[in-house]
Amino acid sequence: MLGVAVVGTGRMGADHVRRIDEVISGARVAAVADIDADRAKHLADGIDGATAYTDPAAAMDDPAVDAVLIASPGPAHEAALLDAFARDLPVLCEKPLTPDAASALRVLEAEQKLGHRRVQVGFMRRYDAGYRTLKALLDQGTYGRPLMLHNKHRNADTPPGFTNAMMINDSVVHEIDVTRWLLDDEITAVRVLRPAPSGNAPDGLGDPQLILFETAGGQVVDTELFVNCGFGYQVSCEAVCESGSARIGDDHGVFVNSAGRWGGSITPGFVERFEDAYDRQVQRWVDATRRGEVEGPSCWDGYAAAAVCEAGVLAQATGERVAVELIERPALYC
Amino acid sequence: MLGVAVVGTGRMGADHVRRIDEVISGARVAAVADIDADRAKHLADGIDGATAYTDPAAAMDDPAVDAVLIASPGPAHEAALLDAFARDLPVLCEKPLTPDAASALRVLEAEQKLGHRRVQVGFMRRYDAGYRTLKALLDQGTYGRPLMLHNKHRNADTPPGFTNAMMINDSVVHEIDVTRWLLDDEITAVRVLRPAPSGNAPDGLGDPQLILFETAGGQVVDTELFVNCGFGYQVSCEAVCESGSARIGDDHGVFVNSAGRWGGSITPGFVERFEDAYDRQVQRWVDATRRGEVEGPSCWDGYAAAAVCEAGVLAQATGERVAVELIERPALYC
Amino acid sequence: MLGVAVVGTGRMGADHVRRIDEVISGARVAAVADIDADRAKHLADGIDGATAYTDPAAAMDDPAVDAVLIASPGPAHEAALLDAFARDLPVLCEKPLTPDAASALRVLEAEQKLGHRRVQVGFMRRYDAGYRTLKALLDQGTYGRPLMLHNKHRNADTPPGFTNAMMINDSVVHEIDVTRWLLDDEITAVRVLRPAPSGNAPDGLGDPQLILFETAGGQVVDTELFVNCGFGYQVSCEAVCESGSARIGDDHGVFVNSAGRWGGSITPGFVERFEDAYDRQVQRWVDATRRGEVEGPSCWDGYAAAAVCEAGVLAQATGERVAVELIERPALYC
Amino acid sequence: MLGVAVVGTGRMGADHVRRIDEVISGARVAAVADIDADRAKHLADGIDGATAYTDPAAAMDDPAVDAVLIASPGPAHEAALLDAFARDLPVLCEKPLTPDAASALRVLEAEQKLGHRRVQVGFMRRYDAGYRTLKALLDQGTYGRPLMLHNKHRNADTPPGFTNAMMINDSVVHEIDVTRWLLDDEITAVRVLRPAPSGNAPDGLGDPQLILFETAGGQVVDTELFVNCGFGYQVSCEAVCESGSARIGDDHGVFVNSAGRWGGSITPGFVERFEDAYDRQVQRWVDATRRGEVEGPSCWDGYAAAAVCEAGVLAQATGERVAVELIERPALYC
């Protein structure tokens, strides 16, 4: 039984605590840490054998702790990751790895000094059944090489304070990882086209947007991002290959005829759409950790995503094509 | 240019007049006949070179008439068909051929005395693109022999005065013809199962019903008939074969996402659903007639449908399996 | 942590052992029992803290055992259930409860003597996401009362020795439970129509068949059972209600265009199709048991299914409508 | 009966001759003109009352001619259009109006001198049932303003000699017209992104490509053009509006299960996909002409498409965003 310290007990952290407690096999919540002592205590009280802390490092020092799940706000990730490295503990770190490329590079270097991978980054779409099937299809090469990807990423609406930069950093970051993973290649340039915004977009938010990636291998990827579409949550991806195309994300559930209409319900949000992927992600991390292994998205993936996000935010602001610069890939991540 | 006499100018007749006038190539309306002299005259007045009659036989005697389209009420069909036979005119006769098996037999005998086929019966589903594709698939035998058919036949609602018998004679008659045509075999027995009726069914109407056919070749066919389903018009047919199944009728048009729902509109009625089939039916009849040929559903098909309808109405009333008795198939229809 | 004794270690039993060990949260395998001592030992050796037995009663006496999962062959269920009742242990019993209505009645009586429910029967479709959504739709009554169900149940092929009776007892038994559960009503009569069999059906097997149920409330249910359809595993259910219809089971996954074809893969078997339902079933049983509760399909459901199966096998053999007789529902199951 | 002169008897011209002769109601082929005298004669010989010519102007002078259908190669259109204007004859002119914006401008000016519209340009997608439904949806504004369009335009393969410029001028020209018509706005800028080409693309052809339009109203439109996709012909369009999205072009026909696959056939080519649209286009032109009216795409639409094509070819060659310059819209076309 793997004893896990959950660092950060906001929405995502509390959900991971529940997941490890009720859903995941082979792990238990040994410690929770939050700067809000009451919140940490309240959460720990509900779980047999869990201790509450305000300091992440203290939680990691709890003798019952074998591994760390970081779900605190992005700016707190770097310190928590370095604390975990100091104790050589395996880490599942919610995305983003860190909020920018420079800090991600520092984490990358620290893990290399450790000499072995310890971090799995929380890009949970890699654990979604649809994306996994698409990845397998592409890897088999049944339809030849992939030439283009068409992504759609739609949210019903956004919380107050959602900015243009968050459209890239919080939303498109998933398509950044999916693109790199599905195509097994780096993104080399980003463009952002901004249509006249929807009347339903909050003031100042350029919603929807069309984000365009080029890859090192010459593939072109477009993503419709529409975060105030009003009608629900939809994530789909079509890979156009040399002799066939394959699309996932048309998850249609119950088919209904009524009142002159055929159709069904659209998934309301990412929790419902990716619930299974979150479960599978944590279970795979627990299983690998118990075997003493690390798999899944690495610090390199976290760093590359941060670098593309930075280019994307610049492309969004300037209307220009912005090239993405990456350091050479370190041996640990090859 | 084929001069057509249209007999009967009610809903179907008037629509055929418009079709021949505006849509069909190679034919023109030469005469219209209706016992309602005003209605006939009003319709003829709108068309260059068309004369109005009250007597079908007089219309057929018009020297500009080369062929007859019968769209009068079913009980008037037998007399009009015999009139056409007396003048050896080609006929497109709206379904039913005649309202019962006995009168259909008399027509069958009269056409045999003529010594050649003159009648095409208006089973227009044979001209629907979906059914034609399904028929071609079955004839090719790509998926082995057909073993079962599942039909659905749904109407939004029924006009006042619609009876249980009309559910068989006016609605299921289409599935009777489709079954015989797709499977190229006769129906040998009928059962009708009657669920507790919908609260939306008019008093006394057992709606929906499940109609079961057996064929001479041992196939089983089920038809859901639901004529007050409320949500639109839907006609679908799935053929289950030895190594595959094929379904038509999922004609879905525009795919819409809105307000938490995906889907689209359901076709409101048979006119919209089968408009092209009606056009194609009449065009094919005009083309064949100009070549001096007869094709499409024959008097035998009209007679067989009438016989199965009679068995169906009895099965519906008694709850029993009712065998269908047919005379031996005359040489003219082999 | 709930200690479970798994009785029977064949295909289903071994899969449940793996499930409890690797997937299910809050339970562990404490004992396995099989008359094949080697098989039991081999399985137990792979799991920390699990002991092997040849006698189910001895396994239940193991002090680490809190609950029993019965996955032995159907004829062995009655004895194992009575053993569990004698120790007042909670039971998850794979379907069928017992192989016939008479033995199911004896189990029903024994549980009543105990004075409280202890048994959940393994009708796992009740835990499938699609069926649950359909059940919720029907219970809300959004589209009025359900009038008919159309079921399709297709297997790629059958193992050697599969008989006509097994088509009812092993396959249609799922539609029997689904019908009773979705419609919240008893089945009162069964008919079986047998088309000329597919050339791919083994000698003597009447495949496909059309099974017809009537319910106490007057609903009609049809089920196409085609166990050698060749093309994969498909389970679908359409509920036809007064003002709408809803269908589940079109689980289509990746949408592919290639070589002149659009489409995707058909699920190969029930394991892939219902894997999540099996997991959810066992997790729900573990959760309820830890709370000291019993939920899910009861002995009454097992008994009713057995009674309908008996009527179904008779209807299949005679070609007649066979009425289903049930005892009055005992208070414990109301 | 409208007497039509068909100018040009290549693939499209011969098909229009057949269409007017066999499908269209209210018109007949009175003359055919082709510089290949044998081809013109051969075609005219098969039709009652049709005369063959080598000179388009001579054909237009035939007293039986009331209207002209121009289906000669694009470079011959300007002369034929001016010939028709000189005789004040109504024209249906196959796309393109003329091969470039300068010549299109000359035609535009000539028609303005005539003082009334005489030309309908052959952008037949405006007559396709799917596009018409989508246009109606957008015009009703049910889902708010359209913000983006996503188009897919896929061909199985290209004939020898197909060039990058033809990808814009012959293929994307349809999306240019569809964009202008659906959004009721002009295209103001074009970009072309060129992924690494498919191994199935002929040498030198950058296939597939992603074409991006901006409109005067600030909408963004993307078009995947893939003319050697290998798997068939697919044309789809999704309009993303403020509170909903609507997609046409998923015309799926027969749904088949077989050999572990669900799906159906992909339309092989544009003839099968748009056959009805071609028929409807010519029928609507005949009907309007007989009423003395002109409707449908105008010379302005032909000119605007030519201007966008020129910008598109430049954008394709340079990789830059190219602005589209149009003259002010003349009063005749407002």
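General observations
Labels for the chains are A, B, C and D, by order of writing; each one numbers its residues from 1.
We take it that contacts are C-beta pairs under 8 Å (C-beta built on N, C-alpha and C of every residue); 3 or more make two chains touch, one makes a residue touch a chain.
Predicted model, so just to flag it, every value in this text is computed and none were measured.
Interface comparison, A-D versus A-C: the higher count of C-beta contacts falls to A-D. The most distant chain from chain D, with centres taken as the mean of CA atoms, is C.
Mean C-alpha positions place chain A and chain B at a centre distance of 58 Å. Centre-to-centre spacing of chain A and chain D amounts to 44 Å, using the average Cα coordinate of each chain. Chain geometry summary: the mean Cα position of chain A and that of chain C are 38 Å apart.
Looking at chain D, one finds that residues 229-231, 243-245, 252, 256-259 touch two or more other chains. Per the touch definition, chain D reaches chain C in the complex via residues 156, 229-232, 234, 252, 256-266, 268. Per the touch definition, chain D reaches chain A in the complex via residues 144-145, 147-148, 150, 193-200, 208, 210, 212, 214, 217-220, 222, 224, 226, 229-231, 240, 242-245. Chain D contributes residues 21-26, 130, 133-134, 137, 142-143, 243-248, 250, 252-259 to its touches with chain B in the complex.
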